[in-house]
Each structure stands twice: as C-alpha cells, then as structure tokens.
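Structure first, then comments.
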Amino acid sequence: MTQPGLTKTGMIDFRGVNKWFGALNVLRDITLSVEPREVVVVCGPSGSGKSTLIRCINGLETIKDGHLIVDGQRVGDPATNMTQLRTEIGFVFQSFNLYPHKTALENVTLAPIHVRKIPRAEAEQAGRVLLAKVGLADKVNAYPAQLSGGQQQRVAIARCLGMRPKIMLFDEPTSALDPEMISEVLDVMVAVAEEGMTMMVVTHEMGFARKVAQRVVFMDAGAIVESGTPDEFFSHPKTDRSRAFLSKILRH
Amino acid sequence: MTQPGLTKTGMIDFRGVNKWFGALNVLRDITLSVEPREVVVVCGPSGSGKSTLIRCINGLETIKDGHLIVDGQRVGDPATNMTQLRTEIGFVFQSFNLYPHKTALENVTLAPIHVRKIPRAEAEQAGRVLLAKVGLADKVNAYPAQLSGGQQQRVAIARCLGMRPKIMLFDEPTSALDPEMISEVLDVMVAVAEEGMTMMVVTHEMGFARKVAQRVVFMDAGAIVESGTPDEFFSHPKTDRSRAFLSKILRH
Amino acid sequence: MIWQQFLSLAGSYPLALRGLGMTIVLSLISLALGTLLGFGLGILRTGGNRLLSGVIGAWVDLIRGTPFLVQIFLIFFILPEFGIELDAFTAGIIALTNLAACFICEIVAAGIRSVPIGQVEAALASGLSRWQRMHQVVLPQAMRIVLPPLVGQYVLLIKDSSVVSAIGLTDLTRVGWLVVQRVPNGLLVFFLVGVGYFIVCYPLIMLARRLERRMGAAHGEVQL
Amino acid sequence: GTLDEITKRGELRVAVQTQGPPFSLVGANGERTGSSVELAELMAKEMGVKITFLDFDWDGLIPALLSGKADLLVADMTPTLARGMKVAFTTPYMYTGSTVFTKADSKFKTTGDCKAKGTKIAVLLGATGEKEAKAAFPDADIKSYKGGGPLLLDAVNNGQADCGVNDVSAVKGQSTAYPAGTFTIMPDLLSKEPLAFATRYDEPDLLVWMNLFLNQVTIDGRLQKNLDYWVNSDAWKKDH
Amino acid sequence: MLENFSFRTIVEYLPLFAQGLVTTVWLSAISFVGALVVGIVLCAMNLQRGWLFRAPAKAYIDAVRATPLLAQLYFLYFGLPRLGFVLPELVVGILALSLNSGAYIAEIIRAGILSIPRGQVEASVASGMTYTQRMRLVVLPQAFKVTIPPLLGQAIVLVKDSALLSLISVAELTRAGQLLASDRFMPAEGFLTIAAFYLLLYYGLKALAVLSGRWLGTAGARA
C-alpha cells in the first residue's frame, strides 16, 4: 500500500479509521492523506465504502475509531465546531439535492447569506458570477424542476463554490446523468480542479481521472486496496481485484 | 435516409407514423422496418423520441397517424387484440420495474401462469431455467429489493423471455446501472440476440451496438436522421447532428 | 357523593356492556362492508372512466361535506317517503357503511395512484388483463400505502358511529346519555364513556403506528 | 284507520325521550320506566297490544312521529300553538310550570335576584322553559343545553350557570340524585303549562282514542295514582 | 315530512342561520389557529430525541385520537370548574376543538417533515447550516407544501366537529337548525338547511385547497 507518511498533516488526513454499520465493517483501517490542491479520485465496486469514506470527511457519517483530521481540525471531537468546519467543505451529491422550492440563484446564495452572513446583494452578485461560470447565466431564476439533470448538477457545484470552500467532495456526480450531459458537468469539475481546489471525487469516469487526478484510490470491501497515479493504476493495476474491476468498467 | 422498402412487411413496420404530446410533435413521419431476427440499436439525444418510438410498438403510447404493423397486426386497430399482441413482445425498462412484492421467480412466472395459462409447476420449472440462463440460479427466491441493479435488470429480461416473445424491446436497459454491472446485463442481451431474437434496443452502449446490431438508427427531435450499419454510423456519421452527438458521448 | 355516584355507575355495567357491544357490532359490520365497497369505489375512481370517476368523486364530496347526523336522518326518516322502510339498526349500518366507503374510497384511490406508473406499464407489456394488473400488481403494492391511513380511518369511523344513537340505537355514547339522567355527573359519566372508546380504539392506533413505522423503515425516513 | 293497523300489527310504537326522572328514565337495572312511560304502557294494555318504545334525542322525536316510525309521542311536551301546526296534541293530562332553582349557598335567593343583568341561566334547548326564561329575565345570559334536565342541575352545581329554569316536576325529581339541600328550588312558578301527548293529524282515530283514554284514567283515578307516585312525591325513588 | 317542505319558514329563519354560520366560521377559524399552535408544539416535542418530551406528546396524541370529541368536550366542560376554572362556553368549546384537532395536526406536520427526502437535509447539513436554519430554510418550507392538503382536510373535520359545541349551548350553525326543528317542528327544513350550509363551507375549503395548490405550484418547485 502506498499511503503517504503518517507524520505530516495533509488537508484531509485519515489515520486508522474504522466504521461499522451494525456488524458490517464498512471502513477498515483507512489511512490516507490528501494534500492541499491535490485531486484524488476514489473508485471501486458498489458497496465498497466509497460514499461512506467521503461522507465521513464532513461528518455526514460518524467514525467509530481512528482519527480523521480535516483542515487541521479533528472530526468528531467535541471541541471541533463541525458546523463551522462544514462551511469549508463543499459536497456534491449523486442526486444533486437542490432545494426544489428555491431558484438556481437562491440555491447558490442561501448558505452564503444565512451561514456566512454575507449581505444579500453581494451574495447575489457573487451567485450570478458563479452561475455564469458553470454556464448557466440564463438559468438564474429557473427552479430545479425546470432544469435538466446536467444543469441541476452544475447548479449544485456552484452552490458549493458559493461558500468558497477549501475542499470539494463529489459522490458520483455524473452517474445519474444522461450520457450527453456528463461532459458538461465534467468540464465544470475540470475547471474547478484547475483553479487549485483540494478535491476528492468518487467517480468511474476514467477520462476525468486521467485528466486531472494526481492519485486514484481503489477501494474494495471497505479497505483501500491500491492507490497510485492514474497512469500507474489504469495501465498496471497491481491487484487481482483492481484488474477485475477495471476490466469490467473499461470493457464496454 | 435508408429505410427498407415500404412494400414488403417486416416484423415491425412503421409507415409515416406521427405522434404528438399536446402541441409537441414527438415522432415525425417515422418510416422504419425491422426484419425478423434483426437487431436495431436506436440512439440520439435526450428528448429526441427514442422511448416514445419503441413504446408505440407494444401500444404503451398511441399514435396519431400513419400505420404501425407489428407481427402482421396493425397496432391501434380496433380489430387487433392488443393484449394478445403484447404477449408476443417483451419490454425491458430502464428502471427495471420488477414487481417489488414478488420474488425473482414469481416475477418471471406471473405472466406465463396468468396470461399464457401454463400450469404453475411447469412455469416454475421454465422460470428456474431462465433465471439460471441469466446467471441468477441462486437468486430464485430473492425479492427485488435484495438484488443489485444489474441483477434486477437480468430478472427483468428473464421475465420477458418467460413469455417466449417474438420481439424484445429495450429502453436504455443499462443506464440506471453502476458501471461494473453494465457488462453483466449486456452479456445477457448479447446472448439473447445471438439466439436470433428480433430486437430494438435504445442504448448508448456503443460496444454492444458494434457487437450485435445490424443497424443503428439515430434520432433527433422526433425524426430519424440517419440509419446504417454500426461501422458506417460510428466511423462516418453523415450529418452534423450525429457527429455532434457522437463526439459528446464518446469523449469521456 | 362521588363515591356514591360511582357505585351507582358501577351498577349500570350491564347497560354499559350492551352499549359497548352495540358500538362494536355496528362498527364491525359497517367497517367490513364499507371496506369492501370502498375498495370497489376506489378502483373505479382510478379506473380511467371519466364519467364514473366524476360521479363517485361528487358523491364522496357530498358525503364528506355534510354532517353525518343529517345523512342518518335522511336514511331513517326521509327514505320511508320513497317507500324504503328500514329499522334503526339497518339504517345505522347503511349510513355508516356509506360514510366508511366514501372515506376509504379516497384512501384507496390515493394508494393506487401512488403505485409507480412503470409497474402498470410492465404489467401491461406482459399482457396481463385489466383485472390481473389490478389484482396481481397494483393492489398488493397500493396496500402498503393504504393500510396505515385505513386503520386510522377505522378509529375515526368507530367514533363517528356514536351519531347513530340519534335514531334510537343504544350504543356506548347513548348509554352515557341515559346514565347521566340518573347520575347527574357529566364529567364522570363521559370520562367512562371515553374509556370505553379508548379500549376499542387504542389497539387500532397502535396497529396503525406499527404499519406506518414498517413503511417508514422501508422507505428510509429522514433523520433530523 | 291507524287503530286498525295497530290492532293488526299487535304493537303500539311509542317514541320517547329519556330526559330524566320523573317522566322517563332508565332505572338502575336498565329497565325503562317513569310516569309517561307507565302511562303509555297502560295505553297499550287497554288496546290489547304489546308496546315498543323507540328512544330518541329531542331532535329525533318529531321526525319519528312525522315519518310514521312511531304512532305517538310520549314526552313531557308542552302543546304550543306553533307546534300544533305540525302535530296533533291530546288534551292536557297534567299541569306543571317552570321554576327557578339555584345552588343553596349562592347569592341568588329569590326569583327576583335572577333578573340582574348578566345572570347566567341554564335552560333546556327547545323546552318551554327556554322561552319563559327569555321572557322573565330579559337581561340575563340564557344558556341552552341539550341532553336533559339533570345536566342543568350539574351545570348549576358546577357553577357554569347561576340558576336553572326547568319544569318544576323535573327539577324536584332530578334533584333527589344530589344530597338534600344542594339546591334551592323557588316556590313560585314562572308559568303554568300543560303537558300533552302527541300524534299525527292523519291519525284522527288514534287522537280520539287517546283523549278517551285520558278521560277514563282521570275518572277511575289511575292517572292520579301515577302522578302521586312519580311526580308529587319521591315514592318512586325506593323502587328504581 | 317532505311533501309539506316549507321554504318560507326557512327564509324566515335565514337570519338565524346566517348568524349561526358566522359563528361557526369564526369559531372554527380561531380553533384552527389554536390547533395549529397545539399541533406545532406537540410535533416539535415528538421530534425530540429524548423521551422526556416525546413520551408525553405521544401519550397525549394517542389519548385524543382514541376517545371521542364528546368525551373530551365534557371532560373540559365539567372538569375544569372542579379545578376552579369557570370559563365561558365559547372558550371551552374553542379550547376543546383546538386541543382535539391539534393532536391530528401534530401527526400531519410530522408526516410532512418526514416526507422530505433525506438528501435535502444532508445537503443543508453539508453547507454548514444549524438545526434551526435547516428547519426554517429547507425542511419546513417543503413540508409546508406537503401538509397543506391534509391540513385543509383537518379543517373540514374541525368545521363539522364544531357542531358538537351546540351541546354546551354555543349558538352555532347546527343550533340554528335545531331551533327550527324544535320551535316549529320542522326537522327536515332545519337539518337540510344546515346540511346545505356545511356543504357550502366544505366546497369553500376545497376550493381553497385547489387554489393554494396552484399558488404553491407557481411560487415553488414543481418537482
């Protein structure tokens, strides 16, 4: 296994993390450090614990033992203000989870106004700029139901960027999309990565991984089985399990 | 356009079919004939009318004008017994649509027992064989909720085969699946095609199209824009629209 | 004084039991009939026949929109003018069955509408007939949505059955009215009447809760 | 005629309201009894048929009669002229009147006291007491209750009303359920009102017969015996 | 009873019916507002994690649902004076209706809140909102939409239940019909007239439900 050293602290730092759902050990002894400005792609078969892994980072799941340090703060420690820490972390869901009763712009400005306490006018100004950046300048006042899946996901990304987070987490952001909409979302993600955001992305889009990831992490049955640069991983997978997995998803 | 002649009758025969949803002309003057044992792949951007096209074949949608002749019977004609005709046509949905309150075996045997009036024991015997054929011999008594997406879709295919249909229709059968499950479903579909089934498949899985399709039909805005062998279509798309579409879905 | 009233009340237990029995019998019969009828109406309501659905809808509105007491009066006192002579028990059963059917019709219709359209299409595509689709595919799934509110509605209907005392049936509520003439303590008497209903209704409420929880668990409730 | 029907049917159907002692009540053992009830039973006996009681709320009495569910009404009903437009009353068989009662220790000692503005007076909905209270206490706050005389006593006893107005016989009969001395019953009557039975105008034969019956029982003293037992004394208390 | 049906008498009594209708409307309206308050409080208690708040709320809701309104009304009407509270009938009536409907409304609101997809809550958690912000900005506005139809259903029930207040001498709509029935011995006229008025209220509330649905539909999401 090729996790970076345990001594220095990255932006996201798993140290011997375990998590159970009932009797099921969904995260097994995870040790993984993500540097600032690094883009890490997580892949692996369904049920291997990818979502659980990144959901732990902003405390959507709680961990049983081990340490998880994010931006210098220990997740789950009573002394850590999780609400505060979460404002530094953007999370993009597979199912978008836009607020259906708010327009695109309102979705983007809601948290900045109420959490960051930015004046409304300023937040809206910034929100318009962000929506323009993800290519939705003309959809500012549309409700989620009036947008295609790809457009919704781009609003969701803008919503996260609106908080000016230090970290962005993506949980299969394109797997609920029609094929032709996938690229419009990936383009936005590439742009975000190129601006130097620290990112962890659960995805099977290998084109994206090749293009922007510094590292690919392969999980199976709750454990990190392999990790390396995209080239290493795709061309020379080291374990049988990763080979089998790659053969399945690359074949068609 | 390269539709086969209008005079001879194929297994599925669209002749100048139009369909409206309100003011929206979702099928425009469709003329298309599918021969027995032919496998036709339908692709095109979202909203182009692909689903509507194949849903017309078994009367899930009704057509406004033009003729649609399936297995020698005119769809929508009062003289045609649609319930009877539907038993000759299997339909596989993107969202599986298994009956959640029935086991895999019960899903497969329901229609044979109640529609074909096959004795239960015989139907169950046949059902087991079918489930084994799609690789689910050990999931006979599992409920849909206990199966992965790929397993559910394979049960759905077995459910159609149980009726011994002459035609199988597939509406994006793999687009709701995790990437590693796609191939297990495609494998089953390939096997069905190789046994000589007449098939129309809406899909963006170009590997599948290349492997078994005799023809690829490209739709846009309700019309058939292009149609040809997979090699012709993928290597030398003739229209701008098909080129733009292919560039989007093949890029990542 | 209270103690003496209490003793006097305790002495009336045969009457109270008779009242409770009447409430239970009335409810049982009319809920059973109402459920059957309600399911039938609910299926027709969603059956695609616009006219039939409209007529059923209008009837349900009429019944839901008017006081039950008036409905009972009409059935018991006005129907005889059209040559339909009913005894109080039958009239009560008919009125309550009709009321139950109307409420249950709406619950069943909502349940049927909640079954994903894809299920119906799958059944249609495999050539199942109308009745087979309903019987094999739609209703079993609708039941999950229907059951909790159905049981909840039963509780409401059992309580509504007290209105039939207006046409002279000695149910639990009426026993309260009779007894309070002799033991003039409204608080005590109607508290005990309340206890009587509680004994009948509470198990049903528990059942509704359990059904709801089972559904909720299956659907993954949101955690706040 | 109706009488022939009753004979043929072998059953007299009588609508009653269980409004409390002494006229109509359900005894400790669940048996239906009271002054009016016994008179009705006597009627059936004289007709030579059996009796069926139909028990309704006040709301149900008139519809029961008008719809033919019952042959006659036996309730302590005052034959007002307005009501007489709809149903046929017999000649009155007794006279009573509305009286005022209060809680023994209250500041309302006389009927006059109750005339004060804002006095809360409990009456029975639709009963003649309601009309009379409105006339006698124009400044008072009249509250109409449903469900029978005993609830008026309960309301006054609980303090929801300062005084009650109801038929004097009813008040006397019903107050015995409380310890002696709970209520002050004013000696003066607000009015003198007759009580009568009712039937339909399309049953003239029955009406004539009922009047004849009342005549007979007055003459042979059976009516007086009934009233002495139920209305003019507490004698019934030890039996029921 | 119908062949002599007297519209004239109904017209004569119309002012009384009108008064009764007005009373029914405003006392139902006040009771409904009260019931909303009771329901929100109960629901908030019921959604707490600790049993300290949950248990009493659950017990209350069950007790109310399992017993008839009549018993509850008398419990208050005859019971409160024993504790030294002699309240006017109207107040007792409104209190009883509020406390009764509140229990049902608590369940309606809870169902509405629980119907909000989990992802909505997670999205708001992930963007750093506090519990109250989540509730106020994300959950309640969406739950509100879901609860409107059942709340109006409960309003209809409440309007019809308010007829029971005639028992404790509140002069509402049903009472007007009873008066006509007992003064003039015209029950058919009395009861059919109140039925017509209740039906009017019912259709009014139903129209409101349709309108509010349309209004919410355009103002909010159609998802």
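Letters A, B, C, D and E name the chains as they come in the text, with residue numbers starting at 1 for each one.
Keep this in mind: a residue touches a chain if its C-beta (ideal position, glycine included) is under 8 Å from a C-beta of that chain, and two chains touch if they have at least 3 such contacts.
These numbers come from a predicted model, not from an experiment.
Considering every other chain in turn, none proves to be in contact with both subunit A and subunit E.
Seen from the Cα centre of subunit B, the chain whose own Cα centre is farthest off is D. When each chain is reduced to the average of its Cα atoms, A sits farthest from subunit C. Interface comparison, C-E versus C-D: the higher count of C-beta contacts falls to C-E. Averaged Cα coordinates give subunit D a centre that lies 37 Å from the centre of subunit E.
Rounded to whole angstrom, the centroid-to-centroid distance between subunit A and subunit C, based on C-alpha atoms, equals 51 Å. Annotation: 46 Å between the Cα-based centres of subunit B and subunit C.
Within subunit E, the positions touching two or more other chains are listed as 1, 77-78, 82, 117, 120, 187-188.
Shared interface positions of subunit A, defined as residues touching 2 or more other chains, are absent. Looking at subunit D, residues 59, 63, 66-67, 147, 154 sit in touch with two or more other chains. Pairs of chains in mutual contact: A-B, A-E, B-C, C-D, C-E, D-E.
Only residues 1, 8, 11-12, 14-15, 18, 69, 73, 76-78, 80-81, 88, 165-168, 170, 174, 177-186 of subunit C touch subunit D when the two sit together in their complex. Across the interface of their complex, subunit A is touched by residues 117, 119-120, 122-130, 133, 137-138, 141-142, 145, 220-223 of subunit E. Residues of subunit A touching subunit B in their complex: 45-46, 148, 175, 178-183, 186, 204-205, 207-208, 245, 248-249, 251-252. Residues 58, 60, 83-84, 86-87, 89-91, 93, 95, 97-101, 110-111, 114-115, 156, 159-160, 163 of subunit B touch subunit C in their complex. Put simply, subunit E touches subunit C in their complex at residues 1-3, 47, 62-63, 65-72, 74-75, 77-79, 82, 113-114, 116-118, 120-121, 131, 134-135, 139, 156, 160, 163, 174, 187-188, 191-192, 194-195, 198-199, 201-203, 206.
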